[in-house]
Amino acid sequence: MSHEIPFLKPPDQAVFRDHMETKVAHWIRQWDGEEQLLAGIIGIPLSKASISHSGASTTPAAVRAAFKSFTTYSMEYDVDLQDLAVRDLGDIHMHVTDIAECHRRIEASLRALYNAQPDIIPIIFGGDHSTSCPSIQAFVSRHPSQRVGLLHFDAHHDVRNFEDGGVTNGTPFRGILESGAVQGDHIVQIGIRGFMNAKPYHDYVVSKGVHVYTSRDIRRIGMDEVLTQALQLVGKGTDVLYVSFDVDVIDQAYAPGCPAIGTGGVNPWDALDALYRLGTLPQVQGLDFVCIDPTVDVRNVTSRLAVQFMLSFLAGVAARSK
Amino acid sequence: MSHEIPFLKPPDQAVFRDHMETKVAHWIRQWDGEEQLLAGIIGIPLSKASISHSGASTTPAAVRAAFKSFTTYSMEYDVDLQDLAVRDLGDIHMHVTDIAECHRRIEASLRALYNAQPDIIPIIFGGDHSTSCPSIQAFVSRHPSQRVGLLHFDAHHDVRNFEDGGVTNGTPFRGILESGAVQGDHIVQIGIRGFMNAKPYHDYVVSKGVHVYTSRDIRRIGMDEVLTQALQLVGKGTDVLYVSFDVDVIDQAYAPGCPAIGTGGVNPWDALDALYRLGTLPQVQGLDFVCIDPTVDVRNVTSRLAVQFMLSFLAGVAARSK
Amino acid sequence: MSHEIPFLKPPDQAVFRDHMETKVAHWIRQWDGEEQLLAGIIGIPLSKASISHSGASTTPAAVRAAFKSFTTYSMEYDVDLQDLAVRDLGDIHMHVTDIAECHRRIEASLRALYNAQPDIIPIIFGGDHSTSCPSIQAFVSRHPSQRVGLLHFDAHHDVRNFEDGGVTNGTPFRGILESGAVQGDHIVQIGIRGFMNAKPYHDYVVSKGVHVYTSRDIRRIGMDEVLTQALQLVGKGTDVLYVSFDVDVIDQAYAPGCPAIGTGGVNPWDALDALYRLGTLPQVQGLDFVCIDPTVDVRNVTSRLAVQFMLSFLAGVAARSK
Amino acid sequence: MSHEIPFLKPPDQAVFRDHMETKVAHWIRQWDGEEQLLAGIIGIPLSKASISHSGASTTPAAVRAAFKSFTTYSMEYDVDLQDLAVRDLGDIHMHVTDIAECHRRIEASLRALYNAQPDIIPIIFGGDHSTSCPSIQAFVSRHPSQRVGLLHFDAHHDVRNFEDGGVTNGTPFRGILESGAVQGDHIVQIGIRGFMNAKPYHDYVVSKGVHVYTSRDIRRIGMDEVLTQALQLVGKGTDVLYVSFDVDVIDQAYAPGCPAIGTGGVNPWDALDALYRLGTLPQVQGLDFVCIDPTVDVRNVTSRLAVQFMLSFLAGVAARSK
Amino acid sequence: MSHEIPFLKPPDQAVFRDHMETKVAHWIRQWDGEEQLLAGIIGIPLSKASISHSGASTTPAAVRAAFKSFTTYSMEYDVDLQDLAVRDLGDIHMHVTDIAECHRRIEASLRALYNAQPDIIPIIFGGDHSTSCPSIQAFVSRHPSQRVGLLHFDAHHDVRNFEDGGVTNGTPFRGILESGAVQGDHIVQIGIRGFMNAKPYHDYVVSKGVHVYTSRDIRRIGMDEVLTQALQLVGKGTDVLYVSFDVDVIDQAYAPGCPAIGTGGVNPWDALDALYRLGTLPQVQGLDFVCIDPTVDVRNVTSRLAVQFMLSFLAGVAARSK
Amino acid sequence: MSHEIPFLKPPDQAVFRDHMETKVAHWIRQWDGEEQLLAGIIGIPLSKASISHSGASTTPAAVRAAFKSFTTYSMEYDVDLQDLAVRDLGDIHMHVTDIAECHRRIEASLRALYNAQPDIIPIIFGGDHSTSCPSIQAFVSRHPSQRVGLLHFDAHHDVRNFEDGGVTNGTPFRGILESGAVQGDHIVQIGIRGFMNAKPYHDYVVSKGVHVYTSRDIRRIGMDEVLTQALQLVGKGTDVLYVSFDVDVIDQAYAPGCPAIGTGGVNPWDALDALYRLGTLPQVQGLDFVCIDPTVDVRNVTSRLAVQFMLSFLAGVAARSK
C-alpha cells in the first residue's frame, strides 16, 4: 500500500508501537520459503481426532495472537532473541473430513520440511495430541542413522488401544511404540497423574520399558532432579531428543484452557525452568505443544503460557552457542 | 512464501476454502494505494472520546473478522458484489493520549483521501460517535460548492454541551451545528428514543430546525414512510447526503454489543431495507457506522449486523448504475 | 463531606455529569420518610421461595443500577417525569432462613406503608413471584370498601398446589384465589403460553372464572385489543386495579434474564404500549415486576427492560392529570 | 434402588415435582425397544463433518436437558400430548475418527429402525447438517413405492462441491440431488438468505428445479403464504414429505447458538406456526433439526427453541387424527 | 432397551468408551439399596440456608458429572479403587421452602442410613455448610458409646450467632458446640484465615477449647506438621473422627467456584496429601465437602477438585486394610 | 430516612448483618472532610492513558465493592483494624477527554490533601499506572526537606519513551527519573519479568542506577531476602518511602484481571507478607495499587486480592505503634 494519505495505514500498523521495543510478533515474521532457519513455528490446526469435543484446532491462531504480548528480551536469562533465525512457517493444511489424510499430511509435510531445512528445530503447535505421532515419525525418519529419544510431558500416558476409536489424541505413544519408531526405554514420560489413566495403560508402558515420573514425583524430588534423571535415562543410547509437551501436564489453575483439566499438576515455573534447560541441550532437536483448547480458555492464559514456554526454550537454544 | 513443502501454507490459506465461493473477506482486499475506488472501508479505532467505558476502538478489527462470514452474493437483491471496486483502506492511526489530535487526524486523513479519490464512497467503521464530527467536516469540505444533508440514525440526539466533558461521543452533532458545516434543517435524525435523551437537547435540535423521527414513529408509520419523508425533508436544498448510523438505534435484543443499550429500538429488517434504499440513491456519498463495542458483545452479533448493513447498502449502490 | 481539596469527591459524584440532563437515578432519590408521594419504588430481595435456583433477590439492586442509564424525558410521549413525586423507599428486609416470615414481613410492611401513604402507587420490584401474594393481600386490605381487580402478565398461571412445595413462586394466584381476596372473574391473565403450564392448572383458573389471554392471542388480535377486552372484563364490578407483571411473559430473546425462559412470548414494544396505557388509567393503583434473575442475564438487558417498562407506566401516570 | 431410608432418592427424583404437572421429560421416556411408536426422538451426536468448529454433537444432550423445562399441555393449541406414543430412542453411536463410517451408521441405523417401526415419525436432533443426507437416504428407501418431497428450512442452500472438503455440513442437498434420491423439483428451500450463499450454488439449485423462498420472501408475503405455495409445489407428484430444519434459518437474535449466525432471518413465531401446520399434514413423515451448537449458546435458548418447535409440530400431529 | 437396531443406544452408552479403562462414573454406580458398603456418596442439594446467594444446591449434580473425568487408578498411590464397595446413594430430598424441615430431613435420613449400614463411611457433598450440623448430629448419634472428634477445614470459624439470621451456613459449629454433641477440645479447625472472620467468633472458639490452625500456620510449618499436631490434639479422648471440608479453605486461584472466595488459602497439593493421610486412618469414619457453587465456577474446576480430594481420601481408605 | 414502616430500609441496610462482625465496608466509611486520618483510600478512575484497551477506571468501584467481603480482624496477625482512623476520601474527578488535565488534577488534588492531612498515609487505587507519576510528584513535594525512595512492584520497568505515545501507563518511572523527583538509586524495582520488557529500557534503568529484582530472583532467593536487600538499597540516603504496586507483578493465575497478564509472576502469599512488612516500617508513607481491569476479571478475584494486600499493609501499620 503506497499512498500519501496521512495517518491511513494497514490495520496492523495503525496501532501503538514503541520504536525501541521488539515484540515476538515483530521478530517471528512469516518465513520467505528460503532462509535457512534455526527454528521454525509450525501450526497443525487439527482437533477432529480428539475423543472429547476440542477446539485445539484454533491453537495456532491463538498462539500467534499472543506473540504480540511478549518481547524478545529477558533480563532473567540475559538474552535478546531478536537476531535468532526463527520464523513462522505457517500451518499444515488439514482435510475437512478425512482424519487419516490429515495425519498423512502432517508426516509428509514435515518430512519435506526436514529435507529442505536439515538443521531446523521445529516448534510445533497442535492441534490435539494425535498430531505428535506423525510428527515424531517424520522426526525419526529425518535422523536415519541416529537413535531418537522422547521426553513426553503429559498428565496422560496416551497409549490407548486402537480398537475403540481409531487413531486419536489418546493413542500417539501407542502408535510410536507399536511402529518401533522409538524404543520404549528411549522414552521418558514426565508429569503423569493419578486417577487420570487406566491401570492397563500404565502396565503397558512399564512393560515396554518406558520411564515414568509422576506429577507427585516432581513435587517430591523437584523438577530439576526429575529432569536430570530423565535425561540420563533417555540419553542412554540415543543421539537426538524430541520433546512432546501436552499442556495438560500443568495444573488446571494455571492452564484452564486444556480439554482434560484437573488439579495436582505441574506449576508453570517448573515448566519454564525445564524448557530452558532442554533448550540449552544440543541434542534436543524438536518440540511440540499440544492439547490447548483456546475456545474454553480464560483470557487466553493457556496460549500465553505456551508462548512463554517456547520463549524459555529458545532462550536456552540461544545459550547453546555461547 | 515460495517453497515446495506440501500442505504448508500461511495461516490464512491453510483453511477450508470452497473454490466456487467468494467471501467478503476475499473481495474487499487491501487497497493498493492507487486503484480508483467505488467505495472504501476505513477504520477509526478510537473510543477514548467516549463518556462511558467503551471498547469501540476494537470495532474495525471485529468487523473485518466478520468479513469471513459473508459472501458477495444475494439472491434477495439479485446481485453479486464481487466485481465492485470496494477495498479496505486500513485504519486511521490514533494518538494514544491526545484525543484532540485524534480528531484532527481523522479530518486530515479523510480530506487527503477525498483529494486522492474524488468519487469514493467512504464506509467508515468507528470508533465512538465523536469520530463522525471530523468525518463530516471533511465530507463537507469535499463538496465546497454543494450543500450537504445528513441522515442520522441513532437513539440519541448527540448534541450535548461541550462544557461538561469536551468533545465526546455525545457531541458530534452539536459540533456540526455550531460550526455551521451543515444547516439544522438539512439534518434528519431517525430512531431517537424516549428516556434516553434530555429535554434541553431535544429542544435544542428542534430550535435548530433538525427533523426528528422517533423509534416509535417508525413502529407506527413504518420505516419506509419515515425514510420517504426524511429524504424529502433532507433533500430540500441539498446536493449530497451523508449517513451516520449509530448502531444503538437498533433494539438491544438485536445489537447487544453497543455501549448504551436499551429496548424499544429499530429492528434489523427495517434497517437492512433502509440501507439498501439509501444505497440506491446517487446523492448518498458517505456512510459511517459507530458505537459498537465488540468487547461486550455476544458472539460478535453486533459486528455481524454492521457488516450485513454495509452489504445491503452496497447492494443498493450496485443497483445505482443499472 | 466538606473540604477544600480540589477534584476529590464521593465516588458517585466523581463521574461525568451533564448538567443539562436529569437521569432517572437523579430524580428517584431516596425517600425522606415524610414526603407524600405519587409513586414509590420498593424492592423485595427474596428468591428463596423459588422452586428453581434463582437470583431474583438481586433484582432491586440491578434495577437501581439501571436507573443511571435512562433520563426522565421522553419526546415519544412528550413528557418529562422529573417533577413527579416518585422516590425510592428502599427494600423490605428479608429473613435469611424463614421464608414464611419473609412473606409476613412483605404484607406487614406494605400495610403500614399504605396507612402512611394512602395515595401512593407502589412500584414493587421482586423478588420471585411469591412476593405478589402478600403484596396483593396488603393492597386489597388498603381498599376495604372497594373491589380489586388484577391484571396478571405472565407466561404461567402460577396456581400450583401447596402440597408439593409450600408457598412458592408457583403459587401466588392460588393463594389469592383460595383466600378470596380477589374473585376469579376479577382477574385477567395475559400472555399465558402453551407447553409452559399443566392442564389441571389451566382448568383450575377457568373453573374460578379467571379470564385468560394467551401469548398467541396477543399475536393474533394485537395487544391493544387484548388489553381493551381485558380492561372491560376486569373492570366489571371492580374499583381499583393492581398489575402484576412477571417479566417472563416477554420472549426469551428480549428478556434472557428470567429463571424460566422460552420463545413465543410477548415483544417489548407491545409491553411498553400496554404499560403506558395502564399508567393513564386512574384505577390502576399498584404494580409489581417479578422473576428477573440478574445473575444469569446478559448485559443487564432484562433489568433495563423492566426500568423502561416502569418509565412507560409512569409516563402514563403523568398523563392522568392532564 | 429399594430401601427404607427416608428422603434418600436417586438424584433425578430428589427434586421438586408437582404431582399435577407432566413435563416433557416425564412423557418422552426411554423407549423399551418394543412399543410401536407414533414418533421417536433420535439423537445424532456428530459434528466432525462440520467445516467450521462446531459443538453440534452436544445438541442431543442439550435438547434432552430442555425437556425438563416444558410441559405436555398447550392451551394455545388445546392439546395435551402426554398420551401420544412418543419415546426417546437414544443416540446413534458415532465413530470417533471415521466420519464416512458415521454417515454409514446413520443410514444403517435408520433403515433398521424403519423396518422395525414402519409407521414411526422420526424426530432427529443432529449433529451438523451432514447427518441429513444419510437420514433422507434411509427415509427414501423406507418408501420404495412412493415419491419423497423435501421441505428444507435453512439460511443456506447446502449444495457445496465435494472436491474442497468431502462430505460436510455444506453438502447434504448436493448429495441428495446427485444421488437422485429426491428430484430437484420435489424440494423446496425456505428461508435462504442473501450474502450467505455463493452464486454458483444458487444457480445450481435453480438448474435442478429446486424451489427457493428467501427469508425476505417470508417477510414480504408471510410465512403462511410461503408455506401454502411451498406445499403446493412440493406436493406435486410426491406422496410423503420430510422436513429438514436447520436452526440457523432463524435470526441470530433468537437462535444465537448456531455455528453460522446472522441477522435477517426468520422469527420464531413464524416457525412455530409453520411447524404446527406441517404437523397436521399426514404426508409429513419425518423431521430433523440440525446445526445447533450448545457450546456457544446463551442460556441454552437455541435448544429450548428447538424443543418448542418439536412440540408445535407434535401438537399438529396430535390434531391429525381429530 | 432391547432391540436389534444397529448403533442405536441410550444416550449415555452412545459415546466413546475405552474398554480397558474404568472411570469413576462406571465404578460408583447407583446403590441397589442392599449391598453393604465401604463408603457411599450422598448429595444434599440445599443452599437456601446460605447467607449470600449460593448455587451450592447444584453441587451434587456437578460432582457426579465430574465422575466421568477421572479413572479409578492412581500410579501415584499404586492403587486401583474399582473393587472397593463405594456406591452412589443419591440425594436427600429437600423441601422447597421450609429450611428447618430440610435440616430435619438430613439428620433423619442419615440416622436411618447409619442404622442400615453400620460400617459405611459417608462421603457427603453439600450443599452449603449448614448441612454439616445435622450431618454431624447424626454421626454422633451413630456412635453412642464413643466420643467423636472433628477436623474442620475451612477459611471460616462458622460459629455465628443465631439471632441475626437463624440456622445458616455460618452457624454449623455454633450448633455443634451449643448442643454439646462434640466438645470444643475435640475440634480442630484448619485453614482459618485472617480478615475473613470476626474477632468475637475467634474468641468464642478459643473459649470453647477449639484448636485453630490458620492458613498462615500451614504455609509456615507445613500441612504435614499441622495435621500431625491436629490429629494428636483431636485424638486425645476421642474414638472416631469426622472431617468437614469447606472447599473455600482452598485459595481462590484453585477453587474459584466457592461463594466466599479470597487469596491466602491452602493449595490443592497440601489438601490432596492431607486427605490421603486422613483416609488411611481407621478412626476417620465420615467426610463432607461443602460450599461449592458450580453456577459461578470456571469450567467446573472446583467440582473437579472436590472429586480429586475424594479420590485421594479413598486411596487412603484402600490402604487401611493393607 | 425516618419513618415507622416496619422492615422497610435503605437498600444497603435491608441485608443480612451479623451484629458481632465488622466488615471493612463498615469500618472504612466515607471521610467527613475533617477527621485527621492515619490512612485514606483515594480512587483515581483513569484508564484512558493506557496504551492497550483498559477498564482500570472501574477499579475504585470494584475495590469498594470488595470491602464487603472482608472483616477487620486477622488472627493471623493478631490485629483488629476497626479502630484505626482509615476513611474513604472518594475519587479524584477525571476529565472525560483531556488526559493531561487528568494528570494535573491528580497532582493538585493530592498536594492539597497532603497540606490538609500532613500525616496521612495515602492508599491509592488507580487507574492505570500513569497515575503514579503525578501521585509520586505530589508525594515528593510533600516532603521538601526529605529524600524519597520508591519501591516499585511490577512486571514492567515502565520507562517507555514519550515520543511514541505521550504520557501513558508505560512511562511513569521515565517521568519520575527525567524530572529528577527521585534519584535512580533511590528506586528499587521488584518482580520485573523476562520477555515483558525491551532491552533498551532495562539498560536505561540500570544506567540510572535503579536497582532491579526480577520475578525469578524472588523465586530463587525468596521474597523476604529480596525485600531485605531492597530496603537496604533504597534506604540509603532516603527518609521516606513510597510503594507503587502494579498488580500485574502477580502471576496471571492469581491476578487474571490485569490488562497485561502472563505467567512466571509473584504468588500472592509472598506479596501479602511483603506488604505486611512494609506496613510495619514507619518510613513507608504512601502506597498505590494500579493496573487492575475489573471488566476482564474473573469473579472479581483481582480486586479482592488488592483489598487483601491493603489489609496486610494496614495490619503492618497497626503494628508500628506497638
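When the chains are written out, they are named A, B, C, D, E and F in that same order, and each has its own residue count from 1.
As a convention for this text, a contact is a pair of C-beta atoms (placed from the backbone, for glycine too) under 8 Å apart; a residue touches a chain by one contact, two chains touch by 3 or more.
Here's who's who by UniProt: A, B, C, D, E, F = Formimidoylglutamase.
None of the values given here were measured: they were computed from a predicted structure.
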Copies chain D (Formimidoylglutamase) and chain B (Formimidoylglutamase) - interface residue numbers shared by over half, same or different: different
Most distant chain from chain D (Formimidoylglutamase) by Cα centroid: F
Inter-copy rotation, chain D (Formimidoylglutamase) to chain F (Formimidoylglutamase), in degrees (Cα atoms; steps of 5): 180
Mean-CA-position distance for chain C (Formimidoylglutamase) and chain B (Formimidoylglutamase) (Å): 38
Residues of chain C (Formimidoylglutamase) touching at least two other chains: 16, 51, 96, 164-165, 253, 298
Topology of the chain contact graph, where touching chains are joined (line, ring, star, complete, other): other
Pairwise chain contacts, counting only pairs that touch as defined: A-B, A-D, A-E, A-F, B-C, B-D, B-F, C-D, C-E, C-F, D-E, E-F
Interfacial residue positions of chain C (Formimidoylglutamase) with respect to chain E (Formimidoylglutamase) in the complex: 47-49, 51, 53, 55, 57-58, 95-100, 164-168, 295
Residue ranges of chain E (Formimidoylglutamase) in contact with chain A (Formimidoylglutamase) within the complex: 16-22, 24, 69-77, 80, 253-254, 268-269, 272, 298-299, 301, 304-305, 308, 311, 315
Residue numbers on chain C (Formimidoylglutamase) that touch chain F (Formimidoylglutamase), as the complex places them: 1-11, 13-16, 30-34, 42-43, 45, 60-61, 64, 88-94, 96, 105, 108-109, 112-113, 116
Of all residues in chain A (Formimidoylglutamase), those that touch chain E (Formimidoylglutamase) in their complex: 51, 160-161, 163-165, 170, 192-202, 212, 214-216, 219, 251-253, 256, 260-264, 296, 298
